[in-house]
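Handing you a structure now.
The first chain written gets the first letter, and so on, giving A, B and C; residue counts start at 1 in each chain.
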Amino acid sequence: MTGLVLQQCVNALTIGAIYALIALGYTMVYGVMRLINFVHGEMFMLGAYVSLGLLLLAGHGAGGAGPLLVAGIMVLVFLIVGGAGVTIERVAYKPLRNSTRLAPMLSALGLSLALQAAVQLVCGPAPITFPSVLPSERLEFAGASMTLTQLGILVLAMLLMGGLQLFVGRSRLGVVVRAVSENARTAALLGINVDRAISLIFLLGPGLGALAGLLYASYYGVMTPTMGVVIGLKAFTAAILGGIGSIPGAMLGGLLLGALEVLGTSLLPIVTHGYLGTEYRDIFAFAALIVVLLFRPSGLLGEQVSEETMVYKSDY
Amino acid sequence: MQTQALPAAAPAARTLRLRGIAILLAAAVLIGLVPYLGSYAIRVVDSVLIYTLLGIGLNLVVGYAGLLDLGFVAFYAVGAYSYALLASPQFGIHLPFLLVLPIGAGLGACFGILLGIPVLRLRGDYLAVVTLGFGEIIRVLLNNADALTNGPQGVIGIDRARVFGIALSRPVDFFWVLLVACLVCGTLVYRLERSLLGQAWAAIREDQDAARGVGINTTRAKLAAFAISAAIGGLAGVIFAAFQRYVSPDSFSLNESILIVLIIVIGGVGNIFGVLLGAVVLVLLPELLREFAAYRMLVLGLVMATLIVLRPQGLLPRNLGPGELLSLLRGRRRGSR
Amino acid sequence: MSFELQNVTKRFGAVAAITDVSIRFEPGQIHAIIGPNGAGKSTLVNMAGGSYAVTAGRILLDGRELQGLKKHEISLAGVARTYQNIRLFDRMSVMENLEVCLYPQRTTCILADVLGLGEAGRREQRLAHCRRLLDRFDLVPFAGVEARNLSYGRQRMLEIARAMVRTPRVLMLDEPAAGLNDAETRDLKQRLRHLRRPDLIVIVIEHDMDLVMSISDHVTVMHRGQVLFAGTPAQVQENPDVREAYLGTEDELDAIRSLAQRRKAERRLRQQAGAV
């Protein structure tokens, strides 16, 4: 019994860590620009596709890449997709900074569609197998097993998130980013180059999302052009759950959502005597989103969001 | 823009009136030509009209109340499945088409209110995501509630629609049905926009808090927008199901919701004529560029993003709508109410 | 008729913006609330108008408790306000800004309006009422102009007119003179005086001492979230606590007075030079 529970915990942690990585991108962008970056899911998807492309270039499309190569590819993917994120911000969001609040969202939607279509055109709509980039040995303990891939994902995710938290909390650039997210206009008046700070955020967020895509694809072994849509939504839920705008919140939210999903889908058939099955997995995230937004829109660690702030954004 | 109908402008008024009549005549001629087109062409026109109807519904929420609903396809699905389940061998119920029309619309409205109540206190971006999630929930439910909806296989063999004993079987029959539906809904929505409720929506769009401050119950006003737009979506769904005589969850994906948003964005937010224009563009363009069918989504997505950046209000601005046409017919330039 | 704040407290997290404030407003009077920045004046108005929730205490209009009601309910109860930063419906015309405030509560009315049943007469009544109000504020020539195209001073007038459309019982004006030039301020003073009615309570939050002292019947001075002193304008000006907290010590006052006089003289000279 404990073995089963532990196993579910391991699974929950793994998927939770991936959600957390993606959620970070949402939360960072939202924290600064009060904008839900709909294209973020596509950054996740691009991460997987670009990684495979790089792997193919290196001649390891079927697996067997050494750790050094994998690390190198990770850095490259981070930079490439992060660069794409920066470009997208410059081209599709920056001109709309003074427009209505709906406009950047619609722009993001259009780009999201276009990116999915572009990848579909180039690589075909069918799922493509992704080689595992981490060794597949299993560790057995207390009746549960954990593959090295899962362990790798957990460790990597923790490292990345810790690194981001340190960066934002301690480094000078991090302070700049935080200042801009608090109040961009004042930051600009104080001589901070707001545009550069925003570009940095759009490098980090999508970059992390891309790495999450790489990890996800190597965990599940498959990728499709539309994988970013639903996952993106779930990661957004995670960000809201933990408190949008809060980096520790995104981490907590991701893990929580992973736990919720795994727990829910394993309990659901039992509770409903097999009537409702695991196909309803996706609904958990959406239902959680609605529930959170209804009863505690500030999430777990977010700032207290009064109805004033929620409903009308005032410019100072 | 204040208009004074100057007495000395009687000749100008006549010119304007002529202009308005000319537009109406042109429209009547176009409509009259449709039955003589080939079957395939009529189907295309039908497609344009269905999307126009959907666009009219969504425009209410997006263009007038200013709320971005990304899950609109859910109401379309509700309407379609209501006809599929109430007029097919699925459950052996065979209600007539004209009866299911209001049922579908009513069900749509119920779902609209169901979605609206929890969601309306949220700010724009959150509202968009939650409505998106709602649309997805409906799709997953439809896909998996096999006992009710037959799951991914969908419902086949739906009854042929009969209106006053006449069976609707040819595409041109549905052309007339859709035309009437578009005219009725378009008129309703137009009158809504000009009414006190429409004014309240405009105030909410401008400054929701100030609107509350002057005594407008914003929640009820927005809920009304949701319910009416969902009812129109449900209506469109019933017609769709009667036309295709087959429904499956595939027709109601997130992409469809986004496409309907695209229609409004391209054609012109808050403008019924703009919706028509958007539907024409959305349906005709892929038809004309058939060899480039694979590029359809790519082009549409890029067009959407580019249009938003360069011309966020769409092709037809808000004030070039039916109100303008009516003013022309009355012989005035740009009449205020 | 009475409007009362009873032991009202407002806390934002750990910060107490207003502590145990009690004020009773009388009808037929212009009541000013003054105080240095951060004293809590705007917070009071925001609470009375329903924008902020009350942490403790009661807000009573003729004995009816308003705290906790939704914003539009408070507005319908007869409490109207204007904002520090003008919040008009920018892209609606001047007339529409007023007309939209007459939004009916009963669904049947709205339905009748949409279907066009018996509406013409009622609409004429509404428009006539709005036109009369516009006339009082000299805005009739601008009835069809979009609100955002008005001059700043006229926008302020429109905001006040809009607050008056449903004949409120309490009118709260949040810094109505902010951003107005001398001529517009004089105009505002006149209009505020004409607002005095036996069935209306006017509450003005202001920094312009000249305006406050010349038109208000009663002044409440707030300082650091509490009522420092309340009385007639003359009493307020004499009270030493007020002078120290707000108006400054004698020396500072002298310096300010002479500076103000010098500025006035300079302005007059410039106007004369400009008129030439």
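By our rule, contacts are C-beta pairs under 8 Å (C-beta built on N, C-alpha and C of every residue); 3 or more make two chains touch, one makes a residue touch a chain.
In this text the structure is predicted, and so the values were computed from the model without any measurement.
For subunit B, the chain whose average C-alpha position is most distant is C. Chains A-B form the pair joined by the most contacting C-beta pairs.
Chain geometry summary: the mean Cα position of subunit A and that of subunit C are 48 Å apart. Centroids of subunit B and subunit C (each the mean of its C-alpha atoms) stand 43 Å apart.
A separation of 34 Å divides the Cα centre of subunit A from that of subunit B. For subunit A, residues touching at least two other chains, in rising order: 308.
Counting partner chains per residue, subunit B shows two or more touched chains at residues 207, 209.
Among all residues of subunit C, those that touch two or more other chains are 51. For subunit B in complex with subunit C, the touching residues are 1-3, 188, 191-192, 195-197, 199-200, 202-203, 206-207, 209-218, 336.
Residues of subunit C touching subunit B in their complex: 49-51, 70-72, 75-76, 80-81, 83, 87-93, 96, 99-105, 109-110, 113-116, 143-145, 162-163, 165-166.
Residue ranges on subunit A touching subunit B, taken from their complex, read 30, 34-36, 91-92, 95-96, 99-103, 105-118, 120-121, 229-230, 233, 236-237, 240, 277, 279-280, 282-283, 285-287, 289-290, 293-294, 297, 307-308, 310-313.
Contacts from subunit B toward subunit A in the complex involve residues 62, 66, 68, 70, 118-119, 121-126, 128-130, 132-134, 136-137, 140-141, 143-144, 207-209, 254-255, 258, 261-262, 265, 294-298, 300-309, 312.
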